[in-house]
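Shared chain: chain A. Partners: chain B in the first complex, chain C in the second.
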Partner chain A sequence: MLRQWFKLVALLIALVPWPAQAVLTIEITGGSEAALPIAIVPFGVEGYAPPEDISEIISNDLASSGRFAPLDKQDLISQPHEGQQVNFQDWRLLRSEGLLIGKVSSQDGQNFQVQFQLFDVYKAEQLVGKRYNVPASGLRSLAHQIADVVYETLTGEKGVFSTRLAFVTEMKNADGSKRYALQVSDADGANPRTVLQSTQPIMSPNWAPDGERLAYVSFENAKSEVYVQELSSGRRNSVASFRGLNSAPAWSPDGKKLALTLSKNGNPEIYVLELASGNLSRVTHNSGAIDTEAVWMPNGREILFTSDRGGRPQIYRVDADGGRAERVTFEGSYNASADISPDGKTMAMVHAVNGKFHIAIQDLQTGAVQVLTDTTADESPSFAPNGRMILYATEQKGRGVLAAVSVDGRIKQRLGESGSAVREPAWSPFRR
Partner chain B sequence: MKFFKLFAMVLPLLFLAACSSSPDKGMDGGDVAVEERGADTAGVDGQGADGEDMGAEAKVVVGEDGYAGNELNDPSSPLSNRVVYFDYDSDVVRSEDQETLRAHGAYLAKNPNLTVRLEGHTDERGSREYNLALGERRALSVRQILMLQGASIDQFQVTSFGEERPAEEGSSEYAWSQNRRVELKYIGR
Partner chain C sequence: MKKAFVENFLAGSYSLLLHLVLVVLLVIGLESTSTPELASDPSVEIVQATVLDENLVEREMAKLEEREKQEREAEQERQLKLEEKLEQTQEELARQEREYLDMQERAELDKKQREKEAEAERQRIKELEKQRELEEQKRLEAEKQRQLEEQRRQEAEAERKRIEEQKRQAELERQRIEEQKQKAEAERQRIEEEKRKAEAERQRIEEEKRKAEQERKRLEEEKRKAEEEAKRRAEEERQRAEAEAKRKAEEAAKRKAEAERQAAEDALQRQLEQEQQERDARRVQGVVDQYSIMIKQRVKRYWIRPSNSESGLQVTLRVTLLPGGDVKSVSIVKSSGNPVFDRSAESAVYKAAPLPQPSDPKAAEALRDFQFIFKPE
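Moving on to the complex of A and B:
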């Protein structure tokens, strides 16, 4: 009966219109001195004007990475839109190494043809040039896609501007009660979509490797339960609602299994759930300790997790089939919430120093630990799919905000937002 | 000049009188509420000293056993205390809370029809998932003490909200101390 009632409430919650979400905006709080100067000329317009400023989005993307320093618009000597209009000498004088030009044309204001060319100014040659046809609604994601091409061409690494972020927001109602939302935005914080809204807390979103599903923890039935939700349809399944804790979902690299924390046998342990069959296998066996926060190594054979079996939370590694766990972290009295870089070489974690929680990385081969942040209430590190940046949650003036730091610690960003506390970030995989 | 002095002397007196009268009123009001709570079981419906939860709990209890309602809501009984607090990263029940929990345990043993929901919570420091597990561990150590008094395992619902539902907002030592807690919530069967 009570359960039915909860279901009804959940349904009602889903039907109530919620106020528009605020948009995250990226603010660079620390940059790299090695940023590459690049000239991005505002794209020419033929016919109908596009609803999005493509060159502006590209410029913001590249600047936000900390690896590029786009020239100020007023410093641009000329405004070429096609290759034959470019005088490389002009751009050499400005010490710009790259030059991006392009144009947007439309006959009807609905479909747009976009082309761009990227030049090496010193070699006076085109590095890449492409042309696309997109509807007006696709212009923004096309701009991110072009930024990815520019980034990859000039750095040799894949760009992450077309990826997405998942996070949880908490807002206060006028009567003091709270409401929570699981949201997905573009990597630059724009275009937020609400995936789930609830009057009860939501935790631990985790992306399926296909980027099309999210696993998360919801308290909508007054206890922690794990759900899997398909983003395109909004359809979802409860995959774990055992007695006790159901939490910390983590997808295996092949997308077929979820590692979970369950306490159905009395103590929080790591389990692996095979999604197709529903088969559940237990991975850890340590009745005196908290074992939680599983994350798969990219090889799909090993799992990292947090355990206080040694007295204080530390990170351990275990075979996904079970067996003996070995301790991975030794520096400091608190290490938790591991995430692993896509190449499997670097682990990010929450690392406490003098009671302050920072994001740190550990080289899994040498064991060397490097603290990356000077913020003090850091949580939930999540690697960008190219391994370059780590997204995390922290606090600013007592409110939850998201921030990102490069793995070398030199580039720092804050994703500001107004109106609600933001936390539990998870960076999506690359789009397939 | 003299008049001014007199005025300066009288003003604070007036102010004091105003101040002292309002707490009096407040206390009177409080007394009345307390008496109602203690004496009139029918009144538990309306009383809201401890929030809506208590009202709802009391209703169920009265339906089963009027005297039980009295005992649970008697502010001089240890049973009126439904929250116990913990040290940082600890699930050890403090000695000062043992009496409270023994009283609840004995009460549950005496009233096998009653169920209590134990909700574990933590402060905001550290990982959310670890805290979720820590909250459960706290609730379980409370359950263990209650069961030692003869309460049966079927009388408990154990749940944890980790750091997700703070009792006190903010990042002060005080807020943290209020948030590291287990709440006992009586529910009917």
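Moving on to the complex of A and C:
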């Protein structure tokens, strides 16, 4: 009986066709973090030609992020401007991750209608599409906005192309005297606008969290003073003009306080100024050293600052309420000018190697330091609000210029093209 | 003087009375011996009857005769005794007479003195008294005579009645015997009848027994026959069933053998086929493996993953290919949860197309529908 059962079972097993073995599975690991190929077709123009090449701005923005590799224009197979003109098969052959098309039309050369569509060429579906009406002066800004949309759609992160940069320029007059300006530009360094000019040095601009105000140091009164200026109105006022040094303002994350370096008691120390009340509290107490360049941790409870209390400048951390500071940097003999990533995990700083000053990042959890730049006179690192790029100033041919580097160090680029020396840049927060 | 006189007088009276009694007794004794009427012959009448049990009757008759004889002898004996008694009485009387005479003589000797003194007087009174006593004696004797006669008459009457009674008793006895005889006869007859009936009953029972025995034998015979028949049939049935079973078993064995042969053949065939399939499968698998690596390399080269991909992300895609390696469809089997990451994988597959396809049709078939798992590391 049992044997018969076995036979039966064996027969059944033999007869049952083996299901096409568990579906063949191929595992792909790694891949690259290379820039995404994207086809950006020059926007079509109807009516008056726009004063800005929108698709060019978008293309540059995306390329500057290091995350995108726009196809060369000569590689573009066709020039569709509307969805129904797209032959997806063409774009598939180009292996682009996305296809951006659009058009600009204007009846009067003053007001422009702009529309764009982003496609997934493999699925032959539109990922996003928008239409705007802007004045001619808004075209560049709009282009950055569109770049942000494309960026966010394809990377999942917010783009920073609509954010701004603040920096100080220094120009020499013909008579040898110097002219200082506080400027704000687009995130690509273009379109700089001067918000303050002075014959006296301007230093350390710092963005308020609302992106509407700047704090900075001005020597316009022959002494250092800390000012807060509202960008839209240009209204400004001095918030710190104590005896001695008033420098290195840094906004608290809630925008209610400024951390400052004051030497009103003789030695440069870190203080916290409550803007509404003018209350001042001292954070550091180290009479033998310079404590300066404060920056708030995103949690708003701690402050990073540079101090030479150890003999050489290093970065320390201290509670905003004061207390004992702890050293943060240990690698190298010079670490200064800290900035913190929006997620609070990565610190950027000026890091000297063999007497050369580079931008480096340090993982605050592991302490691992990674030098990002190969330039040699880098200063004032400042994180982009999405944390992907670091803005800094460096020297090119003996002149200060703006530069940016991706946090992975792969993308390095110069920003802006001005005839003046640029120093102490600061990347704005996202627009609210 | 007077007292002596009274005493003499009483003694004289007493003597006189005694004499008188003796005389009377002598008279009576003489009379009774002279008339012996008692010896009457008891004549027994023998009833003639049909005697069935001669012996019994004869025994009864003998008994009766014996009894009568005994009675007669008893009567004779009684008469003898009576006579003896009479003689004894007479002798007693004679003895008493002699005693009396002796005593009288002694008294006469005493009295003769005194009597001679009062002879004269007593003689005279005695004369007078004698006169009166004689008269009285006569009257008493008459009375006595009458009483004796009456007594004799009563005794005779009683004797008669006794004899009659005896006769009646004899008659009753006879009747009783007769009755007994009849009863005995009836009893005999009854017994005879009962015997007969018992015999008849016995015979009847005997007959019934015989019949029952016969019936039993008959039934036994029938049963035996039925059993034999059943046995015979069962035997036949058994043989038939055995034959059938044997036939079936043989058939089954044949079929089984055939099936086994067929199964063995099939198994061999299958084994051969399987071996062939396995060889093919191994060969195909080899090709598939080789092309899987090529596909992997190619897709990997085209995969640009988001630079901030978290290490935990993983997306599974189902891919179908057209002949020639172009992508027919890509679908997400299991999303990473991150649409950008998912899309980067999908795009990688599309960009890698056409995927390397082997010329072997089976291997190409296997590579026409498969899965990709994309993960950063």
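One rule holds in what follows: the second predicted complex is superposed on the first by the 396 of 432 C-alpha atoms of A that agree within 3 Å, B and C clash if a C-alpha of one lies under 4 Å from a C-alpha of the other, contacts with A are read in each partner's own complex, and residues count from 1 in each chain.
Keep in mind that, in the parts below, a residue touches a chain if its C-beta (ideal position, glycine included) is under 8 Å from a C-beta of that chain, and two chains touch if they have at least 3 such contacts.
Note that the structure is predicted; figures quoted are calculated from it, not measured.
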A:Lys130 touches, of chain B and chain C: first, second, both or neither? neither
Which superposed partner A:Arg95 touches (first chain B, second chain C, both, neither): second
Contacts of A:Arg301 with chain B and chain C, given as first, second, both or neither: neither
Contacts of A:Asp408 with chain B and chain C, given as first, second, both or neither: second
Contacts of A:Ser224 with chain B and chain C, given as first, second, both or neither: first
First (chain B), second (chain C), both or neither touched by A:Ser337: first
Complex contact set, residues of chain A against chain C: 7, 11, 14, 20, 23-37, 67, 92, 95, 97, 120, 122-123, 154-157, 388, 408
Residue numbers on chain C that touch chain A, as the complex places them: 263, 267, 270, 274, 288, 292, 295-296, 299-300, 302-308, 316, 318, 327, 330, 338-341, 343-348, 350-351, 366-367, 369-377
Contact set on chain B toward chain A in their complex: 89, 124-130, 132-134, 136-137, 158-162, 164-165, 170-171
Complex contacts: residues of chain A adjacent to chain B: 201, 203-204, 219, 222-224, 244-245, 247-248, 261, 263, 268, 290, 292-293, 306, 308, 312-313, 334, 336-337, 350, 352, 355, 357, 377, 379-380, 395, 398, 423-424
